[in-house]
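Multiple structures follow.
Below are two complexes that have chain A in common, paired first with chain B and then with chain C.
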Partner chain A sequence: MTTAILEVDGLSVSYSIPGDGLLGGGMRSLQAVNDVSFSLQAGETLGVVGETGCGKSSLGKAILQLVKPSAGRVIWNNRDLCGLTRKSLRPLRKDLQIIFQDPLSSLNPRLCVGEIVAEPLLIHAPELSAREREQRAIAMLERVGLRPEMALRYPNEFSGGQCQRVSIARAMIVEPKVVVCDEPVSALDVSVQAQICNLLRELQRETGIALLFISHDLSVVRYMAQRILVMYLGRIMELAPRDELFTKPLHPYSQALIRSVPVPDPAMPLNDYPDALSGDLPSPLDPPSGCVFRTRCPKSTPICVSQAPPLERRGDRHLVACHHPEE
Partner chain B sequence: MTVLLECENLAVTFDIDQGQINAVQDLSLTLSSGECLGVVGESGSGKSQSFLAMLGLLARNGRASGSVKFRGEEILAANRRRLNELRGSRLAIIFQDALSGLTPTMRVGEQLAEALRCHEAVDSAQARARAIEMMEIVNIPDAANRFSAYPFELSGGQRQRIMIAMAMICRPDVVIADEPTTALDVTVQAQILRLLDGFRRHTETALVMITHDLAVVAGLCDRVMIMYAGRPVEMAPTATLFDRPCHPYTIGLLKSMPTLRNDPAADLPVIAGQPPDMRKPPPGCAFAERCALAEERCREERPQLRQVGGSQQVACHLVSA
Partner chain C sequence: MNARSNILRSAQIAKAARGEVSESLWRQAARRFARNKAAMFSCYTLVVIGLASIFVPMFWPHGIEDASWEYIGTAPSLEAWHWFGTDANGRDLLVRVFYGGRVSLSIGLLTTLVALCIGVTYGSVAGFIGGRTDGFMMRFVDVMYSLPLLFFIIILVTVFGRNIFLVFLAIGAVEWLTMARIVRGQTLSIKNQEYVESAEAIGMTRPMILRRYIVPNVLGPVVVYVTLLIPTNILIESYLSFIGLGVQEPLTSWGLLISQGAGQLDSAPWMLFFPATFLAITMFSFNFIGDGLRDALDPRQR
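Moving on, here comes the complex of A and B:
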């Protein structure tokens, strides 16, 4: 399982947003993703974690070309997706699917869920008859834990967890190779969250799909992913196998993130937690010079102000971007 | 420890087009000074509505019945004037969404000062000084200058700090925090939880922490009430609840929670199914449909909350006393 099926190389995304001028005069550029490179292995789940605004969702969308990257390449089957036209991208989308955070707003309210799940087949398997499409949609609905008769109901008749099952069925029906999961369980109740996580894991075991699992919740990512990418202000801070990241995180930001997760143990009162990160995320419009994390970093020194640390290998599959990584 | 809030058989109903929803039923609890109570449940479990009802803050189609006493005074039937005296000064609330909880066109410092001036005889200079002091206590950097900031100029974490400052500025007896950290990042959540923990250690204020996250209550609360489909199903001291959860729902919740400790290779044990439709609640135990242990009796007869052991209460037919 060491063949890379998707290669992301130097990917950047920038948005232009209105500047300070009256009437929106002067556009400013917001760099949401900055020079991100990694590869996704066949059958693995790569977790992407970080705080709000760190660029993790933009990264997911840029890989699928749902937002246009400003630089970099996404290599899929020896082709760079970034250079392709919409038309030539279309057949490739069969292999690259996405599941969004808000299950209700990502489903068309005017279609019944059977139609929603069958719709991708219209584009990607036009040779199928209407009857075959329906059969496949129903089989897929059953696979994700919904009853066949539910195919005729509309999204507003479903709970959040059920809607997310429909989204998963819609993504999986074209037998993709890669699914980007953008906070797929964040909007769900705790008891339903576990059901959806398990479902994604089962589907992965059965089909061997690779998942890019984006989440702000470290406990969920730890459970879903084999490797984890930690992002901060659009940049990769650390990329490491799961157990390595949780047992010996090297980047001060990863350490702080892990320390901030509340422990469900009454024997561990809050004031026993080591110092949590102080301050808030700086504005991505005006990121700090040098290392973007330095304004909140307990280990910051003059070199962190003047130079951005490169992403360097520490150990076999462990990458970290820090001038003073934990040894 | 003085008893501050006594709530007996509180029920909340909402009138809707198709009839009525019983959002909360049979809720009884007491809250004493200096205590921190965690209220845990999923969306629609009635956890927020219970406490909104106690403060007289239900939506227009909502009605509350039963009894809620604050320091012995019945407040469920109190008129608006009396409630306005109590709310903000003695009983305060922190909402989840700090952006919509603050007035967008008013400087945050002035909103803090206003909260104080409504309830205490202070002049504007004193109010300003207290507001700035309060902003410093909740760790707003450069508080004297941030006094003049508008809510949109602050980050989500800072806005939630302002909400906390506003709730605390009149030194209330009871603060109800309704999912105060749910919209925040985990690093900021850690800061806010420590801040709340500091308040409750250094003041006599009783804190009610409403959340869906059991991990949040673990380090903060003395006691936890678990709600399901509008009713409390288990109530216990925090350590007991985590040690010896009794209700199958509590047990399921604890097990289905991904943590940084459990084995990531094993599938998470899940609670199958989903909460019942509150428009047509089942006649027996609301959890029976999802409960692996449910018997005939559970589907027919609703279990009452009763004492098991010294300090634990549970509503389940299958738990022996």
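Moving on, here comes the complex of A and C:
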């Protein structure tokens, strides 16, 4: 259970953004992910939380090399994925799959869902006959809770939840070891969110896949993940087992996030979140010096301005990057 | 499980899984198109007009330049095979209308072909490369856009003289701009779709992504635009001929016939009526087909 199957080491992603100027002017670089390191254990779910724009999705895509990382390594089976060419990456893609946020736009509108689900087999199991591929696709559709006759329908005929089931079927058909779930339930209704979460957990129990579960919804992550990674402006703020993070968060940002989760208690007065985080995320084009969170941190001191806090171990499996972690 | 024995469905999925995707997709579109009565009727109409334009001038007893002194400006009658009447020079109008159809239709098709080739190549290259190249290429298109068509053609005609191929070239050279914009926009938006990323994630090769993801999604709007561009170009030719910049006598086209008919409206209204009717029917047909194709190719709009 504690064997690391995927190792992310110092991963950084930067995008070049066109500057002002009429024809592009100079390019500026935006650091979306900055020196992120963690390991994913076999069969676990690692939740990644943070505000919109904090680099969660970039991190997920960089692990799969859908976005080229600017630095760092992603170690899978003793090989660094970052240095590989498209071609040598291809066979490894079988083990690493992704589920996207937007259920409809992540499915090719011109293919019926049977073809969509069977498609990965074309690449990763070319030895299968067409009939076997089709049978597997239909079995997979049934596995994710869709009826076999739906295989001939097109994505636009499905609801968001059903589309997401198709995406899951497409990812799972090649029997991956790791699935990056990039906000898989954010676009769905709450009741459907629960169904999809349960489906993912069932599949995980059956196949032992590891999930990197990206979400901005703390309650969803709390339900899904065993460990949680809190990101802010492309950096890891805190990485801790779920219960430890929720009962005793060390980083002021994690504390603020956890406090801001609405409590479903009608007796509680509205607007009663005195410690809610104020202000906006600073521009990632121009991040604050030192600790990136200091501009919104209630505990900010001069050392936070001058020095970025390193990610340090506090407790058994608890890492935090803060100069003044709450003990 | 029992549903898996459904042979018909299995056959279709099997075909799809073998990669014969385009067939099933386009066949679906064809089925939707065939259900559209207006579009199908327009197709038949166009086929009839096209065949008539090709064959009637070959077999009709009168040639397009045969002037007859006995029948100057006669109204339509079954007598002496002047079904559409004759013009002021005693030439048979029916053969001239169908001969004009040859010229108008071929100008419409050829100019559209020119626009299609330039536009699709230019637009997809700009969209695919993106960045600064895209910026330069599309600014050039913007500049060309700002040039009025008529002005452009008058310059061409005054510099190179009147020539039917110049008309082809001029119309094609102007009409590709919109095509380039459409194709570029489509390529750009599809390139950034999550489903293209999902194809990357399963390790699909670039040619496969292009074939299964980009092309089918770009082609829909292009095909629709083509069917709408053909009548536009026929109309442009007509109006160039009407003001005397297009096709020259004794060659004729619908635009030229309409122009001559308009001059004789009081004495010989049939000279306007017949070419104008054929032009209008052709316009309507192409537009109905374009609408039908749009509905058939883009299931999401339904």
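Here, the second predicted complex is superposed on the first by the 323 of 327 C-alpha atoms of A that agree within 3 Å, B and C clash if a C-alpha of one lies under 4 Å from a C-alpha of the other, contacts with A are read in each partner's own complex, and residues count from 1 in each chain.
What we mean here is this: contacts are C-beta pairs under 8 Å (C-beta built on N, C-alpha and C of every residue); 3 or more make two chains touch, one makes a residue touch a chain.
Bear in mind that the values here come from a model prediction, so they are computed numbers and not experimental data.
Per the definitions stated earlier, placing chain B and chain C onto a shared chain A by superposition produces no clash, and the two fit side by side. Once the two complexes are overlaid on the shared chain, A:L277 sits against chain B while remaining clear of chain C.
After overlaying the two complexes on the shared chain, residue contacts for A:P120 are found with chain C alone; chain B is out of touch.
Of the two partner chains, neither chain B nor chain C is touched by A:I228. Once the two complexes are laid over each other on the shared chain, residue contacts for A:N198 go to chain B alone; chain C is not touched. With both structures placed on the common chain, the touch criterion links A:E51 to chain B but leaves chain C unconnected.
In the superposition on chain A, A:R242 contacts chain B only, with no contact to chain C. Once the two complexes are laid over each other on the shared chain, residue contacts for A:L218 go to chain B alone; chain C is not touched.
By the touch criterion defined above, A:S159 reaches chain B but does not reach chain C.
Contact with chain B, but none with chain C, is seen for A:L257 once the two complexes are overlaid on the shared chain. With chain A used as the common frame, chain B approaches chain C to a shortest CA-CA distance of 8 Å. Comparing the two complexes, no residue of chain A contacts chain B in one case and chain C in the other. Those residues of chain A that touch chain B in the shared complex are 51-52, 159, 161-162, 189-195, 197-198, 201, 216-220, 222-223, 242, 246, 256-273, 276-281.
Interface residues of chain B facing chain A in the complex, by the touch rule stated above, are 42-43, 141, 155-158, 185-191, 193-194, 197-198, 201, 212-216, 218-220, 238-239, 241-242, 252-254, 256-262, 264, 267-272, 274-275. Chain contact summary for the complex, chain A toward chain C: residues 23-24, 61, 64, 66, 86, 89-91, 93-94, 97-98, 100-102, 105-112, 114-115, 118-124, 130-131, 133-135, 137-138, 147-149, 151-152, 154, 156, 167, 170, 174.
On the chain C side of its complex with chain A, the touching residues are 1, 3-4, 6, 9-10, 12-19, 21, 24-25, 131-132, 135-136, 193-195, 197-206, 212-213, 216-217, 299-300.
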